[in-house]
Every structure is written in structure tokens, then in C-alpha cells.
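What follows is a set of structures for review.
In the two complexes below, subunit A is the common chain; its partner is subunit B in one and subunit C in the other.
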Partner chain A sequence: MEKVLIFTLGDERYGLEVAHIQEIVESPPLFYIPRAPGHYRGALNFHGTILPVLDLPLYLGFSQAECGERVVVLPPSLGTLALAVTAIERIVPFESDSLLPVPQERLGHGYIRAALEREGDVINMLDIERLLTTLDQA
Partner chain B sequence: MRVEISYKFILGFIFVVASIVILDLVVPMLGVPEEFQQIVSMGGALLVGLILGSIFSRAFTANIRRLNIAAERLGQGDLSQDIVIPSSSFPDETQDLTHSLNRVLDNLRELVGYIRTSSTRVADSAQGLSATAEQVSASSHEVAGTIEQITRGAETQAEMVEKSSRVIKEMAVSIDLVASSAGKLSRSAAETVTTAQQGGDVARETTALMKQVLEDFEENGEQIAAFGGQVQKIGKIVDVITGIAGKTNLLALNATIEAARAGEYGRGFAVVAEEIRKLADSTSESAAEITRVIESIREENQRVQNSMQQNMTEMDKGRSALNSTGSSFDAIIKDANVTQSKATSIAELAENQTAGARSMVTAIEEISRVVTDNAAATEEVSAASEEQTASMEEMAHAAQGLSALADELLERVKCFQIEEPTDEV
Partner chain C sequence: MDMSKYRGMFLSETAEHLKKMSALLLALENDPADRDGIDALFREAHSIKGMAASMGYDRTAELAHHLEDLMDGFRQSGVVPPEAVDRLLAGTDLLEGLLEDISAERDEREIADFLTSPAPSKKEVEGTSVSVEPLPEKADDEQPEIEAEASEESSSEIVASGRLQLVIELAEDAAAPAARALIMLREIGRMGTVLNSRPGEEQLRKGEAARKIEITLQSDRSADEVRASLLVMADVERVGFAAPVAEPRARRREDGSRTVRVRTELLDQFINLTGELITNRYMLQTSVREESWQETRAGLDRLSRLVTDLHHHVLQVRMMPLESVTGRLPRVVRDLARKCGKEVNFCHEVADIELDRAILEHLSDPLTHMVRNAVDHGIESQGEVSVSAWREKDLVVVEVGDDGRGMDVESIRQKAIEKGLLSPVQARGLREREVLQLVCHPGFSTAAQVTETSGRGVGMDVVKAEVEALGGTLDIITSPGEGTRIQLKLPVSVAIIQILLVECDGKTLGIPITRVQRALEIERSEVRSSGRQMVVPLDHEMVPLISLNKVLKLPTHATGETVPVVVTEFRGRRLGLVVDRFAGQREAFVKTLASPLDRLSGVSGATILGDGSLIFILDPQALLDGGPGRATNRLVGEDA
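For the complex of A and B:
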């Protein structure tokens, strides 16, 4: 059985598998990254490693959404990046079978891998690998 | 020597006879021829008798003529001259007659003079009397006019007196009203003083109570402020607890992530982490609850403090209002005291006035009686004056009659001359 971290971007609920998370930290004061693109909020010192912090709501087009204090640090195997989200909710278990497929061709450059129905609500599963690829391409 | 006229005539006759005799004797001796002696004697005797007879008769009747003339004068009313007869050696009856007539003359003169002076005096007096009567009559008329004026004046006076009496009676009634009003006012003022004193006492007691309440309120306010401070301290503690809960929640999340990474070995750990997360969430919820409660307490406290502040302001106003109420009561007491004393003096004055008005009424009634008496007396005087006027007119009339009578008498006695014509005026 896998576990997923539920967080919000604006009013929307998103999910990210715990396997893709290194740690959740309280955001200390961020360093300013000179000449960085606008969707980077800054950089933080995570146990001696400097990590850029991506403003996920801004990057995904939630213009009105704000970011909370807690940031999600990705494991080094995936990439040196921390994600700023609106709010962290909780970690819940889920069955891989229960994921609902999302028609990729219609969404184009969508970053939603699948949808998870839970307690009458729909949680979008973030396609982190695609997100990282897009970031690296930019 | 007194010789009566008859004797005188006898003597004269004798003398004539004797003369003729003598003549008769003398003639022959004168050489007259005898033939003529008779004639001469006769002629001589006739001549002598004529001459002597006429002389004697003249001599004898001269006095009588004089007397006759004097009597004639007397008859004409001339009393001015006494009858004078030449003295004679042989007075006769004419002399007596003369004396008698002269006495009559004297008496008449005296009488006429007396009548004349008396009638003049009477005329004068009558004229004076007439004038006086006219004056008196005029005066009486004046008096009558004056009395009429007096009568009219008396009538007016009577009316005035009646009016005065009415006015004074009305005034007396008004004064009585004033007196009773003043009495009522005095009693009201006394009641006001009592009530105001009670009010002042109540106001002072209330002020003292209010001061106590204000002090209690201030104490309460301080207590509430202290309570607020305590609650804020609790809030801070709750904040700390909330922070710890948040950290615990984070730790639980990370523990869950670690447990998931550990796979099958981390399963128990994951359960513990879940429990910790639940505890942290519960703590967080409770802390939030406490914070809400504290917030509501703080708001309530603020409201209470505001309300108390407002109350204190209001009570402060109330206290100053009460203070001014107390001083107002004092002022009312003062004014009411003044009013009472004034009302009392008004009542006394009004009573004096009432007494005065009563005596005035009595006096006016006395005046009214006097006026009535005066009117009656005036009418009597008027009647008397009219009678007097009539009497005076009668008297004037009588005096005029008397004057005319005197004039007539004077006219009558004027034909008697009692003085020499040269002396007459």
C-alpha cells in the first residue's frame, strides 16, 4: 500500500507520493537567487545543501494562490528542488488500483498524472517527473 | 307903662277933641274976621281932626300891620325872620301877640329843622338801607349760587364717596385675597424647604453611594484589566502550545515519510507517527479552540471594559449632576426661605392693609353720613338764603318806600324857610 501527501494549491487539492518526498520543512528565510526566473521564490539551506524553491502555484498558473510556510523537499535522486505549496494537509494511504486515468492528449502539457477519488473529493496526482523535465528544459 | 289900645284910642279921641277946642279958642285971637271965624274954626277942626286921626290911627295900627305882614309871611311858610316891633314906651296887646307869635315861630322853626334833618337822615339811612339791602340781596344771590355749587359739589362728593367706598371694599377683598395667597405661598415655601431639604439629603446620600459605586467600579475595572492580562498570558501559552503542536505535526509527517521509506520495517513506526500526528492535530484543535475562547473572552473583556468606561463616564456625569442637584436644592432652599419670609411679610402687610382698608371703609361711611348731613344742611341754608333774599328784597322795597316818604316829607317841609334866604342852600 502506497502513501500520498495531500496539499493544496489555491483551493485545489493535489497529491504527491511519499516516495517522491525527502522531507517537509518549515521554510526559513529564503536567499534571493540573482537573475532567476520569476517562479523561483528563492533558495534555502537544507542540511548544508542549497535548494531552489519553486513557487508551484505560480508556476502552474494559480495566479491568486499564496504559499504557506512549509515546503516539500524532493529526494536528491529526483532532483535538488523544494516545492512551495499553499498548505500541507496530511499523509493518507491509497491503492494504486483506485487511481483514475486522466486523458493526457486533451490536457496537453498537463502535470496531472492521475486523479484519486477520496471521501467524495478529487485529488489530482502531480506528475513530478514531467514537472522536473519541463523545468530542466526551460 | 302898659296901655291898652282901647285906652289909647280914647286918649287920642280926647286929644283930638282938645285940639279942636284949643283951635276954636285960638282962632279969634288970630284976627280973623268974625264972619270967617266959624268957617276957619270948622276947617281948622276938620284938618286937625283928619291929621291927628290919621296919625293916631296909623300909630295905633302900625304894629297890627306889621303883625299882619308877619302872619302873612308865616302863612307863606317863611319862618326865617322873627317879628320885630319897635319898642314903645307904651306897649299894648300887639306886643303880647308879637311875643306869642315869636314863640310859635321859634317852635315851628325848631320842629321844621328837626323834621328836615330827621327826614334827611331818614332818607340817607333809607338809601343806605336800600343799598345795604341790595348788597345783601346780591350777596344772598351769590350765596344762593355758591350754595347751589356746594349742593352740586356735595352730590358729586356723595357719588365720589360712594365710588370710593365701593373701590375700597373691592380693594379690601383683593387685599384679603392677597393675604390668603401670601399665606398659601408661605406654607408652600415652607413645604418646598422641607421637600428640598429631603431632596438635598437624598442627593447627598446618593452622591456618597455613587462615589462608593464608582470606587467599586474602578476596582472592578482594575480586576477586569488584570483578568485580561492573565487571559493574554494564557493566549501566549496557547500560542506556544500551538507552535509545539505544529512542530509535532511536522515531525509526525516526516516520521510517516521516513516510515514509508523504510518499507515493511517502518510499518509500526508509521502507526506511532500517525498517532502522534493525531495527538498533534487534536492539540492544535484544542489550542485553536482555546484561542477562539480567549479571543471571545478578550472581546467580551474589551466590551466590558468599554461598557465600564462608558458607565464610569456616565456615572461621573451623574455624580456631577447630583452635585449640582445638591447645590440646586441648596439654592431652592435659600430661595424658598427668602420667598417664605417675603410671603410672611406680605401677609402681615396685607393684614395691616386689610385693617387700614376697614378703617378707611368706616371713615368713608362716616364721610358719607357727613356728606348726607351736609347736603341736608345745604338745602336748609339754600332755603334760608332764598327766604333771606326775599326778605331783603322786601326790605329794599320798604327802604325805597321809606326813602320816598322821607323825600316827600322833606319836600313838604321845604316850603318852610327857617333861615335867612342868603344862608339857604
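For the complex of A and C:
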């Protein structure tokens, strides 16, 4: 049984496997990164490691969406990055077998790996590998 | 037994043996009957063979054995003929390639061609002939040949970064290949993470028929395991593996596995220091409990001394002899001199100089290029190239010199005008030292035509950039007919540097002191404009001013009677960076940045202050040279 963190970007629900999360940090101070593209909100001192904080709603095109105070830190094995999202909701268990293919009309920005249905709501599973690969090549 | 933890040790020791072999061979070329040299060479090959065999690196062992056999023959005859030196050098090159394979956890490359190729015949005589024997191209800057086309056989070439590039072919008569492919994709997903597939899941879902699917899979299973579990699936006809694409993130991880050898005395010192720190902790705990503040103060003083000591010793662990990178230069000079038919004597004096390994690692290519330049452009037909190094206060100076024709300052000045790098007026105003720096301008080359040597690898602009990125400086000293000396002045260690803190729009930034010529407050009334460019007179010279706020695309705040200016050097000329405020100077432990921040041009690292805040460190040169879309001429027109 895996677990998934549910968060929102604008008013859409997204999910990220807990295995892909190192820690959720409560309103950390963010520092100015010179010359950084606009989709970085700043840098975070995470126990001596310097992590850029990606404004996920902005990066994925939710132009009106704001970011909450909490940020999601990815494990170092995945990448040196933290994600700012609109709001963090909760962690729920899920079966990886229950993942559904993404309907064509919902593909949108292309960072959705699969969909998860829960209590009548559709949760988009974030394709974190693809996100990191794109950032790495940007 | 798990041998992998010994791999690092094997690699570093074998690399040392190879370096010695190369040096011994060059010495034998001059003195072919040196008994001790022949014996020493035999022993080196023998050591490599023994270590490689015990580690199970069969090809490396076989090749070392072959070289050892050759040497044994010369031990009998007492003399090493010159063509044998070439053969043995080619052998050491191949061994180096094998070490690279082992280091990258690839299978060892093929050596059969070398083993079966006949020893070169004796038809060429060195020096006199113009048609010099073609030397084997050095293999180290080339990727090992990997079959581009996917095939079953090439699975052994996969780099063990856990990333596999699969090519799966479905049977010709497979019914509903798209559906089959989807099921397969799902199956593969169980073995790891599918990073990419072509055609993608979406396309397959739309029913796009594909008999051939390319997949990038992140998995801890071996290529053979993956293949085996795929081949049992219906309709899967062939599973091949292509060479994985160069993967920057994977490469960085590989860097982390380097090993260092530490002298046991140094380790003992660490243990002693740790002991003292433990004592110190007890003392502090006691004095705090007893509220004895005088004792506490004494304890803190002691702690501060111990930490300084510890820092000093840790830096020592990172120190490596400069010789570890200059050791291969004699070979570079020899090969290149032969290739262009010149007679070059190489003189090498770097004994005892040590530098931080992080600096040394970045010094290898620039030094090679400078030495190649000296042979290629400095020396006409015969002469001497030297590499020397010495300490100068807390810097190390590394100098590459030649006794060739030297550089002509006036013709460089002329050429810079022709190339449009400078206006005639600007060119006249430059001092000799500044003119010489133009050689390091991208796109400037003093060679009349591009030769094979200067045409490849790094140019002087890259050399300069690399040296500056390390916090060093590059100086050129030359006069016509008296040769050229290029001096690199480098910090001994990179980890801790002095930085000047400046503020722009309320944001604090660091600039390495080595980049700052002066930091001064100028009366606003002294700032003048020359065209659209703001300038300020400094030592009888007009120094252009640029707003750092503007460079960083931050709002500007022109207030106050005085203007804080950081004077730095840009392309051989002085330039003033206007900031909002100076915020002090401090020692900083520089952290290098990881992806994606490592790609911000002009940002060389960051440091964490005592209160946990982060400050990014700027490299003004790179900042002004600018990332994409920032041309030099845009500097003109920017004001304070």
C-alpha cells in the first residue's frame, strides 16, 4: 500500500507519492537567487543544502494561483529542489493498481502521469521525473 | 566478496603506476639502455597486472601482462628501441582508457586489436623526416565506441547508472500492437520507473500502431534481467539496448564516489583533535553548570582555536601535489613536437607545490592547452617550453613559458581594431598589459591560421574563464624575441574565500575579494556622462560605471550623496559596478550549486551565514559576459 500527498494547484487536485517526498517544511524563509528564472520563488536553506523553490502553479501555467507557506522538499536522490504549491491537503493511502490513464482532454501541460479517483474527485498524479528532467534541461 | 569498495583504491593506485610508466618511458627514450629504468618499468607493469587480476579486470590484467612481457624482453637485451617506446606508450594510453571504463562501471573496452597489431617496423628515423609517424590519437576525449544501432550484443555496454535505454520490437504478426505495447509498458513500469517512451503512452492509447518502442527505464535491475522478463511476454520479438544518452545528473552522482588517500599521521592528528574537542566539551559543560563565566570564556577561546586547527587539517586532506596534473605534460609536449616536426625541450619544476584537489581538477585542461599553445605558436622550430610553480604569499603561481618569438603588442592592438573589438581611440588608450589580455577575448586568435592543435580543445578565453572561476587570475608577460610567459595565480584552496557583501534593492550578494580591485564611495557629483555611458575619473582614467541592479534586473535607487562602486576588471579593462550599499566583508565557506542553479551564469556559488540566511556569490566577469542574449555592446548605454 503506497501513500500519496494530496495538494492543490489553483483549484485542481494533484498527488505526489510520499516516497518522492523528503519533508514538508512549514513557511521557511526564502532567499533571493540572482538571475534565476521567474518560476523560482527563492532559495531555501534545508539543513545546509541550498534548494531552489519552484513555484509549481506558475510553472505549470496556473497564472492566477497563489502559493501557500508550506513547501515540499524532494529527496536528494531525486533532485535538489523544493516545490511550492497552492495548498497542501493530506496524505492518503492508495493502490498503484488503481491508477487510471489520463483522459486525453485532461492532459494539459503534460506533467500528469496518471489519474487517481477518490471520493468522486479526480486527482492528477504529478509526473515528477518528467518535471525534473525538463528543469534539468532548461 | 564485494570488490566494488576497493575499486576507487584500485583506480587511484593504478593511475599512479601509469603516470610513473609514462614518465619512465620518456626518460628511456633519451637513455634507452638505462638498466634501472627498464627494471622500474617492468615492476610498474607487473604491479598493475597483479592488482587488475585480483580485482577481476581481465582485459586490464591481460594488457598489463602483455606490456610486462615486452619489458621482459628488453630486460634481456638491456636496451629499449625507440619504436618500442611508442608501442609501450600506446599501451599505457589504452590502459588509461580501460581505467576510465572501470571508473564509469562499463565493461572494459576491446584490446584485441592492440595485442595482435604488429610492433611498428623500423623504417622511420626520428627527427630528420618530415612525415612523422602518425601517433595514436589520444582516446581520452572520445567516448568509447558504442554501437549506435540497438542490438542484443551491445547490452554489455550499458553504463550502470541504473538507466536503461530499451528498444523493443514486437512480432510482425502481433495482433493489436498498440494494445500489446501498452500492456508491455505497464509491465516495464513494474521493474522501475519509465522516464520516457517513444511512442508515448498517450500516442499508444490513441491507437498509434508501433512495432518498435524505445523506452528509457530507471531501474536497479540489470539489463539482462530486464531483457529476460520481457522476452517471456507474448509477441515480444526482440529486446535491444542502446547506449544511454549522456545524463548530466547521473554523471554528477558518479563524481561523488572519488576517493582520497590520507597519510596516517594526518589521521592521527584528527583523532588527537577529536580527543581535545571532547575534553573541551566536558570543560564547557562543567563551567556552564557551575555558572563560572570566566572558565566558559576560556573554554570558548580554546574551542575556537581547535576549530581553526581542525579546518586547517581538513583542508590538508584535500591537498594534492600539482605534479599529479603536470605529470602528463612531458608526454603532451613530446607528442605534439613530433607531430609538427619541432625540437622542443621540456623543463618541469613544480616540486612540492600542493593545491586543493578541486582546483587541480579544473587545471588540467587549461594547462594542457597552454603548453600546446606554447609548442604550437611560441616555438618556431626549436626551443624550450617550461612549466614551473611557486608559492607567493597565500597564492600559488603556475607559469607556462616558452623562449620563442614572443607576442607583438602592437599587432594585437591592430588586430583588435580590425576585428571590431575596440575602436581605434579605445585601443590607443589601453596599457600593454590590457592589450595582452585581449588574447583571451573569445574570438581572438593570434595564430595566422587555425592549426589542428589550436583548433581543438579549449581556447585562451576558456583558460581565462576557468582560472577566474577558481578565484585566480591570468597574466601574460611577453616581449618580441624573448618568449612568452603566462602566469596563473591561484588560491591554494577554494573552499573558504573572502567575500565583499553588497546590497542591491535590499538583497545581499557576495563578490569574491579576488575579483574586487577597489571598493569605494564616489561623490555623486564626480559621476559624468560620456555619451549614454556614465563614467567616473579614477587615477587619471575614465572608468565606465554599470549598475549591478540593472544587470540583475532589479529596481534602481539613486539616492544619497555618494555612490558605492565596486571596481573590477572586465576583459582587461577596469569597470565600476554601482551597488546600493556596502554590507561588509567576511570569510565564506563556498558551497557549489547543484542543478538547476548551477546553470545560472554569473553565479558561482552560495554561502550560509551564521543566522542561517543564504547569500549567493557573483562572478562579475561571467555576469557581465552574460548568459544568453546579453551582448557586450549592451553595456554601453547603461548608466549608473
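Convention: the second predicted complex is superposed on the first by the 131 of 138 C-alpha atoms of A that agree within 3 Å, B and C clash if a C-alpha of one lies under 4 Å from a C-alpha of the other, contacts with A are read in each partner's own complex, and residues count from 1 in each chain.
We take it that a residue touches a chain if its C-beta (ideal position, glycine included) is under 8 Å from a C-beta of that chain, and two chains touch if they have at least 3 such contacts.
Computed from a prediction, not measured in an experiment: that's the story for all the values here.
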{"item": "Combined model on subunit A: subunit C and subunit B, fit or clash", "value": "fit"}
{"item": "Partner chain(s) touched by A:70 [first = subunit B, second = subunit C, both, neither]", "value": "first"}
{"item": "A:3 touches, of subunit B and subunit C: first, second, both or neither?", "value": "first"}
{"item": "Partner chain in contact with A:115 - subunit B first, subunit C second, else both or neither", "value": "neither"}
{"item": "Which superposed partner A:88 touches (first subunit B, second subunit C, both, neither)", "value": "first"}
{"item": "Which of subunit B and subunit C A:43 touches, first, second, both or neither", "value": "second"}
{"item": "Partner chain(s) touched by A:18 [first = subunit B, second = subunit C, both, neither]", "value": "first"}
{"item": "Superposition-derived angle with apex at the Cα centre of subunit A and sides reaching subunit B and subunit C, degrees in steps of 10", "value": "130"}
{"item": "Touched subunit A residues, subunit B compared with subunit C", "value": "C"}
{"item": "Smallest distance from any CA atom of subunit C to any CA atom of subunit B, in Å, after fitting", "value": "17"}
{"item": "Residues of subunit A that touch subunit C when the two form their complex", "value": "29, 31-36, 43, 45, 48, 50, 52, 79-81, 101-102, 104, 107, 129-130, 132-133, 135-136, 138"}
{"item": "Residues of subunit C defined as touching subunit A within the complex", "value": "193, 195-196, 201-202, 205-206, 218, 248-249, 507, 509, 552, 591, 593-597, 599-603, 606, 608, 612-616, 618, 623, 627"}
{"item": "Subunit B-facing residues of subunit A, complex", "value": "2-3, 5, 18-19, 21-26, 70, 88, 90-91"}
{"item": "Subunit A-facing residues of subunit B, complex", "value": "247, 250, 253-254, 256-257, 260-261, 277"}
